[in-house]
Amino acid sequence: MTKFVRRAQETPPELSWAAAKAALDSAGMTLDDIDCVIHGTAPDAFDGVHYNGEYLAGGSGAWGKPYTRCYVGGGTGVFAPIHAWMHLASGKFKTALVVCEEKMSSCQPHPQGAFLTIFDHTTERALGPNLLWIFALEQQRYMAKHGIKNEEIALASVKNKRNALDHPSAQLGAELTVEEVLASEVMAHPVHRLMVSPTSDGAAACVMAVEDVAKAVTDKPAWIEGVGWALDTAFWTNRDLYYPRYVEKAAWMAYKMAGIEKPAEEIDFAEPYDPFAYKELHHLEGLQLAPKGQAPKLLAEGHFNRDGKLPSVPSGGLLGVGNPIAAAGMMKICELFWQVRGEAGKRQVKGGNPRRGVAQAWGDLMQVGTVIVVGAS
Amino acid sequence: MSENVAIIGVGSTAVRAVTPEVSYRELTFEAAQRAYADADISHTEIQSAVCCEEDFFEGISIADEYTPDQLGVVLRSVETVTGDGLHGLAVAAMQIQTGIFDVVVVEAHSKASNILNFDHVIEYALDPIWNRPLGFHPEFVAGLEMNRFLKESGASVEDCDRVVAKNRTNALANPIAAYPARITAEDVAQSPDTFSPMRKMHQARRADGAVVLVLASEERARKASRPIWITGTGWANDTPTLESRPWGSDAATRAAAKMAFGEAGISDPDKEIDFFEVDDLYAYRELLTLASLGVKDGAGKINTSGGSIGMGHTLDTIGLYRVAMCVEALRNGSAGTALAHAWRGVPTTSAAVAILSNNHG
Amino acid sequence: MKPNFGTPLSSADIESGKVFSVSYEPRLEYAWDTGPAIGRYLQELKNGRLVGRKCHKCDRTFIPPRHFCELCFRPADEWVVLENTGTVNTFSICYVTWDMKKLTYPQIPAVIEVDGASEGYGILHLIADVDPNEVKVGMKVQAVWKPAEEREGSITDLKHWSPLK
């Protein structure tokens, strides 16, 4: 991982290279050991480059190698390793380098400009929608359906920004109170500024390998036990936004592959996608780690704290570490890797011995769920 | 390959210069309906979809949002690959080989007619720091490559004229081609220089169209009436910067072909492959591709569909049209083993190859 | 793990010329074909009415209208003229523009479930002519149209929604 910063000096290919090199070093490998390369980044408007995957290929070590860039919007960071998993599980390759990069700051005057064109060009864009709208609409629906208060949601910001104080890559770690979060400016009711992840530049990467290679390289590989992904209809105004059914679908796909029947009992910690405070809670429910509408209550009880029964976002997440979109999803995969190996330092959960964790990302028009279950050796 | 994968359904729309009567949704819906009918499957049987597209071609940020509906795969596993449709085909085949899916579709479409300033889109693919400030039209890259290729290979501009005449004439027999014409190499030679030594008529003209393919595992494919087996796939990227290019050769195609030939057990493409649908976005590219594939004698076997010069440049749908043409030839008995190839156009260096056959193993 | 790179820059670094920069004004222009369903939708907006499409197989009436039913995967069957009224499914009160400038008057984006469409089927639109604090999920609203001569076949021909009187 690189540091996540508001504006990085490095170019997108340079950020990609920095993360790719760190991942190779971590595995004790060089590019010669890599059979194929996968890149994750989205959308192109940040870098302002068409054929962006090709632009980033050099920094990602793809020169002369089988290479594809995959994307599912904000879900890309967790999807890229799923895409790599296909390359390995198909029997076609033995090793894969997965690089996720996002440099949002190049998009001026504000990175949110890249999101103006995510809306339907004929039926929605004329209304002037921006990204805050859809998050606010979804949070409002979630709160209205279950009678949830904004204080309960603000607590997710407090927890994650605090957790991020222990993450060396973090952009926005902070010690805050619920009152301070709610006292921050209202951007789009019910969303306050401190309930929103920052825009960031950064990259993260990992090396994946088939079993025999993995065992030869390290005595404690972090195993991919299950993967799942699902995409819901683009007609988002025809769905009830209170519940992410696409996350549930993706989660069960991954759990089934991992042989998990009771996720809330069999999973030790989670890294759900948290670009906004409510999203962590929303996603914990979609991941079957809290009953519908109950995640806020469990959060208040400390259930999701690092020392709780099911630590959630021990990394500090997008709210605290930062949100270079695809790289933020990959950061969660990195966290799973460090946690199950007992290498997460001050962020470590379960006394250094968690059996397995789940990471999830989300994206598009509140539409994509991508899920990976990672287990300890 | 660890498990055999087949194409059991092909659906495509006719390629046309403009398609004002439909949006990308109805265009893709038509291709999907044709593909599912061809495969004799219900859309409910599809477990996953791989779509190939680029944001700036669609005019949509995060364009993958708008993929599931017109394929009938709402709430199923859908991913987008920013590559040619052939990259998508390779990814879909891998998904099946993991054992988690039996039926996966691949989709790509082109609404090139809706892009008002295509040249600027392509300009945005040039490196923003090193290349764009020079202010060249982005297709000069093809002119540079052509010039160096002609010098190294000994091929002539007239050889490229003949490629155009052949492909436009071949398209006359292809009912879904957008640009058939009864022209000669001499006619092509009259066309003005654009990126010299390139002539205007050497460049494939853009067009709209959509293709959907249905892929299935061996077990599922056995129940299909006309499976065509994917015996090898390969893809690769060459150098990402203009400054480090070899120019006169196509290392990406060579690497992709090596991988696909290895899988399919092909050592002599001239002898073992009898049908080629390859990139011809620029006329010289057909010659360069054949050289990179190691094909020496291609008479009567290359782009009999008309290729992109005869059918139309359908953005990232090119490779899937190539596959569709191969499948047709394999099914009607005019070929036993076919090769589909795609290259993504300037300034990229990514290429993909698929080997298709009536038999496997 | 010690992260490397991700070297932070400030605006001053660029403004002072400490770091060089290049900039481009994107010139990406499109004219999207609407297709039959959205084409008719826009035409009817110009006529001052909302229309949906119905699929006889699943019995859904959907808006925005589509040429085909994405669930049954077959052409949709008929056009349905919908009501001028609806229900607030969810809403927000937005105080900033996309580039984070403060708005003088907040906007109230909402998903409005349109009466006559299947339950829960709405469109993205705006609510106005109301005290923002009065807006509630479940509130009944009515469409407020631009005068006929100002309508041009756009979603903005429907000016906004306001509380049902």
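First chain written, first letter: the chains are A, B and C, and each begins at residue 1.
Assume a contact is a pair of C-beta atoms (placed from the backbone, for glycine too) under 8 Å apart; a residue touches a chain by one contact, two chains touch by 3 or more.
A quick note: this is a predicted structure, and the numbers were derived from the prediction, not measured.
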Furthest chain, CA centroid comparison against chain A: B
Innermost chain by mean C-alpha position: A
Between chain B and chain C, centroid-to-centroid distance (C-alpha), Å: 36
Chain centre separation in whole Å, for chain B relative to chain A (CA means): 33
Separation of chain A from chain C, taking each centre as the mean of its C-alpha atoms, in whole Å: 27
In chain A, residues with contacts to at least two other chains: 45, 48, 115-116, 120-122, 233, 235
Set of chain B residues in contact with two or more other chains: 23, 56, 59, 68-69, 74, 121, 124, 128-129
Residues of chain C touching at least two other chains: 24, 26, 30, 32, 34, 38, 66, 70
Complex interface listing, chain B residues touching chain A: 1-3, 23, 54-56, 59-69, 73-83, 87, 91, 93-95, 97-100, 121-122, 124-125, 127-129, 234-241, 251, 255-256, 259, 344, 347-350
Of chain A, residues touching chain C in the complex: 1-10, 14-15, 18, 22, 26, 45, 48, 108-110, 112-113, 115-116, 119-124, 126-133, 136-138, 140-141, 144, 168-169, 185-191, 201-203, 233, 235, 237-241, 338, 343
Residue ranges of chain C touching chain A (in the complex, touch as defined): 1-11, 13, 19, 23-24, 26, 30, 32, 34, 38, 41-42, 62, 64, 66, 70, 89-100, 107, 109-111, 120-126, 132, 137-138, 154-156
Interfacial residue positions of chain C with respect to chain B in the complex: 22, 24, 26-38, 66-68, 70-71, 73
Chain A residues touching chain B - in the complex, by the definition given at the top: 11, 13, 42-45, 47-58, 62-73, 79, 83, 85-87, 89-92, 114-118, 120-122, 228-235, 245-246, 249-250, 253, 257, 363-365, 367
